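So that you can tell them apart, the chains are marked A, B, C, D and E in the order they are listed, and the count of residues begins at 1 in each.
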Amino acid sequence: MFPESLNFSIRKPINHFVDMLVTNYGSTFRAISDAILQVLLLIEGVLRGTPWWVVIIAFMVLAWLGTRRVVLTIGVGIMLLVVGMLGLWDQTMQTLALMTMATLISVVIGIPLGILAAKFRSVQRIILPVLDVMQTMPSFVYLIPALMLFGLGKVPAVLATIIYAVPPLIRLTDLGIRQVDHEVVEASTAFGGSPMRILFGTELPLAMPTIMAGLNQTIMMALSMVVVASMIGARGLGETVLNGIQTLDVGKGLEAGIGIVILAIVLDRITQGFGKPRRFK
Amino acid sequence: MFPESLNFSIRKPINHFVDMLVTNYGSTFRAISDAILQVLLLIEGVLRGTPWWVVIIAFMVLAWLGTRRVVLTIGVGIMLLVVGMLGLWDQTMQTLALMTMATLISVVIGIPLGILAAKFRSVQRIILPVLDVMQTMPSFVYLIPALMLFGLGKVPAVLATIIYAVPPLIRLTDLGIRQVDHEVVEASTAFGGSPMRILFGTELPLAMPTIMAGLNQTIMMALSMVVVASMIGARGLGETVLNGIQTLDVGKGLEAGIGIVILAIVLDRITQGFGKPRRFK
Amino acid sequence: MSGIQIRGVSKIFGAGADKAIALVEQGLSKAEILEKTGCGVGLRNITLDIPAGEIFVIMGLSGSGKSTLVRHLNRLIEPSAGEIFFDNTNVLTLGRKELRAFRTNRISMVFQSFALAPHKTVLQNVIYGQISRGTARKQAEAIGMEWIAKVGLSGYEHRYPDQLSGGMKQRVGLARALAADTDVILMDEAFSALDPLIRSDMQDQLLQLQRDLAKTIVFITHDLDEALRIGSRIAILKDGELVQVGTPNDILANPANDYVARFVQGRTAVHA
Amino acid sequence: MSGIQIRGVSKIFGAGADKAIALVEQGLSKAEILEKTGCGVGLRNITLDIPAGEIFVIMGLSGSGKSTLVRHLNRLIEPSAGEIFFDNTNVLTLGRKELRAFRTNRISMVFQSFALAPHKTVLQNVIYGQISRGTARKQAEAIGMEWIAKVGLSGYEHRYPDQLSGGMKQRVGLARALAADTDVILMDEAFSALDPLIRSDMQDQLLQLQRDLAKTIVFITHDLDEALRIGSRIAILKDGELVQVGTPNDILANPANDYVARFVQGRTAVHA
Amino acid sequence: SYCGDGNTLTFAGIGWESGDFITKVMETIFAKGYDCKTDTITGNSITLENAVATNDVQIFAEEWIGRSDIWNKAESEGKVQAIGDTFAGASEGWFVPTYVVKGDEARGIKPVAPDLKSVDQLKDPAIVSLFSDPEEPSKGRFLNCPSGWTCEGVSTAKLEGYGLGDSYTNFRPGTGTALDAAISSAYKQGQPILFYYWSPTAIMGKYALTQLEEPAYSDACWANLTDPAAKHEAACAFPSVKVAYGVNSEFAKAAPEIIEVLAKATFPLDQVNASLAYMVDNEVDAAKAAEVFLKEKADIWGAWVSPEAKDKISASLN
C-alpha cells in the first residue's frame, strides 16, 4: 500500500493540546457552559412545568397560525398526544427544549452567515470547507474534548447539535440568494433601495423556498443528533433509544424513535408554515 | 405529567415481529445481503488493489475533467497524499468503496424520486413524511434488526447510509424542479417537447444548482455515517475513529476524522464539478 | 385545410371559476366579477373562425384577452367553457400523444415574454422545435442557422439569451417559431421590441411565408399600421369579448362601435 | 438644472474588455470585435448632452446599445471608458450613499423587461421608490393608488404580477417609475406592449408631466410617430455609435446619412 | 482443524482498552501459532454479541458473563457459550478520586471530604452539594454506568436502595467513552466527582481512586437489585464477576483445539493492569502493548499453547 516512510502523525500533539486545555482552562469553559445551561434550563423548565394539554394546545395554536390548515393543526395535536400515550412525554419535553435551543441558535447563526457567503465570494471560499468539516468530522472527535471542557450533559449536546445541523441552512441560504432573479434585484437597486431593504424586501423573500429547505434540513439533522446527544449525557428521547438498542429492545428504541420523528415533523411543519409567504397559505 | 392511564405501547408486538423475521426469513435476507456484498467487494477490490499513486492520479484526472481548475486538481492530489501520509490509506480506500456505492445508489434512487415528487403532488404527499422518518429515526433502531437479518458488516452499513443520506437529494430535486421558470417549461411544451425531453432538456438543467446542493448534502451525510457504519462492523476510517474515541485518544480520532473530511471534500468537489454547466467552468 | 374554429370559449382565472362563469352568463362586467369573486375574466364566450392560409390579426386593449385567446389554440390554457376545432378535430379531446404531435407538426408560437431557455444558446433555442420533431441535429442546425440569419442574428448563434438585447431575444423567439416550420404560427406581439427597419423586414418575410407556403398566422399586434399591412382579417377584443371581426377595410370603413372607431381613428386618414 | 452630459462613454461586455477597447479605438466593427475577442461592444465613444426638462428620445436598431446607454445614466452599468455628468457632478465618482440618494431622489427607470418583484402586489411594486426614499407608507400608498389609476389598473392593486397581461405588467413598471417622482425618468421602450388607446393616453400624460413639472425624460422607442410626437430631441444609435442627434424636424429634414434616412423614411411624408 | 480447513477466525473488535489488548494478544497467538486466518470486526458490544450468536464472529474475548440480555438469551438458546476465564478478579463499585478524601499536595488540592468512606455518608447535604449537578443544582450528580449496560440498572437500583434517589440525579452517560471523558476531565481539574467504575481499566491504573464501602454482598440483595420490577429498600456491594471468552457454539464444536487454548488462557489481573498502564504511559496502542506482552511474558502465555505453537509464535516476534 502506501509507503510507511512517508508517514507522519499529529496524534500526540493533539492529545497534549487537549490535555493542556482541560487542565489549565477548564474553569473558564465551565463558566461559559454554565451560562448556556441557564438558558437551556429555563426553556426546559417552562416546557416540563406546563401541563401536557396546555403544551399540546400551544403547539396546535402555533401550527394554525403558521399554516392555517385544519388537517395539519389536528395532526400536530394527535401526534403530540401519541407521544404522551407512548409514555414519552417527559423525555420529549427535554429533547424539545434542547432542539428548540439548537434550532434557534442555528437560525441566528446560519442565515446571516449564508447571506454573507452569498454576498462575498471570499466569505464563501472560507466558509465552504469549514462547513464540510462541520458536517463530516465525526461528532465524537470534537465531543470528547468538548465534554472534557464543558462537562457532561446538555451543553456539549447543544453545541454538537448546532455544529452538525447548521451547515445546510448556511449553504441553502447562500444558494437561494444567489439564485434570486438578477433583474428584480437590479430594479430595486435602480430605485435606490438600501442594501438592507433589498436584502429583506427582495432577496430574502424570493430566496425563501430555498432557505426553508435549508431550515428543514437543519431541523432534520438536529433531530438526528438526539441519540448522539444522549451519548454524552443529555436526557430525553435519545436516552430511551440508546437504552432500547443497547438491550436489543427494538420495540423500545422504535417507540422513542417515533417520538423523535414526531418532534421533527411537528417542528418542521410549523417552521415551514411560518416561512411560506402569506399568498400561498 | 402526562396521565399514565392513557398510555399504550407497541414494544412487544415490534419485538415479536423482529424475532419472527429473524427466525423465519433469516436465510432469505442473507442471500440478498450476499449479492450486494459481491458488488461492494468488487469496488473495494479495485480501489485497494490499485497502487496508491495510480489512485491519486485517477482522482486528479477526474477532478480536472470535472472542474478544469488547476488549483483544485492539485488540491485533490495533496489531500489524498495527506491521507496516505497519516497512515490511513487502506482504511480510506475501504471507506471510499462504501461511500461510492452508497452515493451511487442514492443518486439512482434519489433523483428519480425527487422528479416524481415534483411532478405529482400525491407522490410528494406520501414521500415527505417518509423522508422525515428516514432522516430522524435513529439509525440504530433499524440497524439492530437489519444486523440480525443481514449479518454484521458492510451491507447493513451501506443500507443505513443510503437511508440516511438520500433524503436531501430527493427533497432538493423536488424543490429545484418546482422552482424552474414556468414560462420556459411552457415554451418547451408549446413546441411539443415530450415529457422526457422537457425533463432532461429543460427542467433538470435549470434545476441543476439546487439538485447539486442536494447531492452535496447527500455526500456530506453519507460521510457523517462512516462511524455509525463501523459500529456495525464496516471497516475503514470509521473503525479508526471509533477505536480512537473508545480509548479517549482524541488525536487518533482526529486523524481518521480528517481522512473522512478529505474524502467528503474530494467526492463533493468532483461531483459538483461535473454538475456545473459547461458554460461556467 | 379548414382553419381554426373557436366555439363559445370562455376562460376564468382563479379559484371558484364555476361561480364566476355563472356571473359571466348573467352578463356582469369583468370589473364586477373581479370584485365579487376575485376571479379574473380572461375570455367570455368567444366564437371565431380563423381561415387557413391567412394572416389573422388580433387587436385590443391591453388586458383584453388576446394572449389568453391564442394560448387556447395550442392548449397551453384549457378553456373554462367552449370548444376549439382545428381542421375539424376538437383540439380539446386530443390525447397526450396526439396533442404532442399536434404541437410539433402543426402549431408553433412566439411568446410575448420571449420565454427562451436561458441555459441554451441561440442556436439551441432556435432548433428546439425541429429537434422535438425528431429532425437530425445536423439538418436542424442548418435550418436554424438559416433562420438566425433571416432575423439578423448571424454571429450570435452561440451566445446565451442573457447576452442579448430585448429585441434580439424577441428575434430568437421569432426564429424558433419560424424554424419549427408548422402550418400555424401564433405570434403574440412578436414584433413589439423591434425597430422599424427590422420590423418591416420581418413583416415582408411573414407575408412571403404566407403567400409561398400558405401558412396560417395568428398575429397579435398593437400597431394598426402593421395590422393593416399584413392582416387578411382583423379581430378586435375588449374585456375578453369579441367586438368585431373583418377585413381591414371593413373595420376601417364600418367600425362596429365607438370603441373600434376610437381604436382605429389614428390611421383612418392614411389608409381609408 | 443643467441636464446630463455623457462624455466619451464606451462599454464592452465580456471578459478581456481591455483588449477589446483597444480594437474599438482602432475602429474595428462590432462584428469583427465579437469574432476576435468574444466581447460584445455595447457602446463606443458616445458623447451626448441631454438637456434638463426635455423629453429626449433615443432610437436605433435592435441591439444598437440603447438600453445599455440609459443603464449607464443611473449606473446600473459601469462604463468601460468615459464619464457621465449629472448637474455637473460626475456620476461615476459618487460614493455608495450618494449613489443611493441620487437614485431615490433624482432618477427612476422603466425597464424594458418590466423587472417587477413577483412577490409583491401591484401596489407594493408601485410604491417601492417612495418607500425607499422614506415616505410614510400611508402617503406612499395614496401616491401609488393615484398612479395605478392613471395607468388604468384600478382594481388590480392587490393582484400579483403573474396575474397580469404583458401590457398590464408594463403599466405597473410605468406607474412605479412615475410614482417615484424623480427629476429624471429613464423609459426603456416603456410603451411597447401597450395598445394604441392607452399608449396615446400615456403619451399625453408624459407630455403633461414634462410641461407641468419640467421632468427630464429619456425615452427609448421604436415608434417613429411616438418619437416625433413627444420628443424634443432625438438621438439615433447604430452598432453602439451615436449617428445623429437633433430635433425631430432636423432629423426628418437632414438625415445625417443613409441609415438615418432609411430609419425615418416611413413617416417623412406624413410629418415633414 | 478449524483453521487448517481455511476458515477465518473472527474476533469481536471490542473497543475498551482491556478488551482491545486481550483481543490483539489472542489474535496473534492464533494467527502465528495455529496458522489461522484471523480478522477483527469493530462494533459496539451489543452488535458484536449478536454477531457471535450468528457466527459472524467466533470469539468475544472479554465477555462479562450473565450481564447482557442478548448474551443471556443466546446462551439459553445454546447459540453461544462461555469458555474459561479471561481474567479473574474483575471488580466494580462506586468511586471518588482519592484527592476528594485525602487531597493532593502536589497539585495543591485540599481534601474536601476527608471523612468520606462509605455510601451511607452520601446523604449528608454537605457531601451532596460537593457533587452538585449543574443541570439540577439542588441535587448531587451520581455518574452511573452507561445507559443500557447491566451495571446501569444495578446502580440505579442501588441509588434507590440507599435512599439517595431524592438527593442525587441518576446521570447516565450514553457511552463508556463519555463516562471516561467525564472522569478524566474532572480528575485533571481536581474536581470532586462520584461515579460507578470497574477494573481492569486504564483509568483505574492511571488515577488514584477510592472505592466507597458498601454493605456486604448477599444473594438475596443481589436478586433484588437485578430485578428491575422490584422495589429496592436496601442495597449491597457488587459480587465478583466472571469474565470469560464468549464463543459461538457451532464454532466451539468445530474447533476443539482453539477452545482448548481459550480454556487455559487466563490473564493475571495485575498483568492486564500493567499492560494497560504501559499503553497509557507510552501513548501506544493495544497492538503494541500486545506485542510487548508476547515478547516479554512467554512464561505466562506459553502455558496456554502447545509447545510447537509457542515456538512458532516466539519466532514470529523477532
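A few comments on the model shown:
Everything below uses one rule, namely that a contact is a pair of C-beta atoms (placed from the backbone, for glycine too) under 8 Å apart; a residue touches a chain by one contact, two chains touch by 3 or more.
In this text, all values refer to a predicted model and were calculated from it rather than measured experimentally.
Within the contact network of the assembly, the step distance from chain D to chain E comes to 2. Bringing chain A onto chain B by least-squares fit of CA atoms involves turning it by 180°, to the nearest 5. Top contact pair of chains, counted by C-beta pairs, is A-B.
With centres computed as the average of Cα coordinates, no chain lies farther from chain A than C. The chain with its Cα centroid farthest from the Cα centroid of chain B is D. Chain centres here are Cα means. That of chain B falls 52 Å from that of chain D. Look at where the CA atoms of chain B average out and do the same for chain E: the two points lie 36 Å apart. Chain centres here are Cα averages; for chain C and chain E they lie 82 Å apart. With centres set at the average Cα position, the gap from chain A to chain B is 21 Å.
Residue positions 143-144, 238, 245, 248-249, 252 of chain B are each in touch with at least two other chains.
Shared contact sites, meaning residues of chain D that touch two or more other chains, fall at 113. The set of chain E residues that touch two or more partner chains comprises 44, 46, 50, 177, 181, 184. Contact between chains, per the stated criterion, is found for A-B, A-D, A-E, B-C, B-E, C-D. Put simply, chain E touches chain A in their complex at residues 44, 46, 50, 69-70, 134-135, 143, 146-149, 171-175, 177-178, 181-182, 184-185, 188-189, 191, 283. By the touch criterion stated above, chain A contacts chain E in their complex at residues 11-12, 15, 19, 22-23, 26-27, 33-34, 37, 41, 140, 143-144, 147-149, 151-154, 227-228, 230-233, 238-239, 242-249. The residues of chain A lying in touch with chain B in their complex are 1-2, 4, 6-15, 18, 48, 52, 81, 84-87, 89-90, 129, 132-133, 135-138, 140-141, 144-145, 164, 167-168, 171-172, 175, 179, 209-210, 213, 216-217, 220-221, 223-224, 226-227, 238, 241-242, 244-245, 248-255, 257-258, 260-261, 263-265, 268. By the touch criterion given at the top, residues 74, 76, 100-105, 108-109, 111, 113, 115-119, 128-129, 131-133, 160, 176, 180 of chain C touch chain B in their complex. Touching chain D in their complex are the following residues of chain C: 13-14, 31, 34-35, 40, 59-64, 66-68, 112-113, 152, 155, 163-168, 170-171, 188-189, 192-200, 222-224, 262-263, 266, 270.
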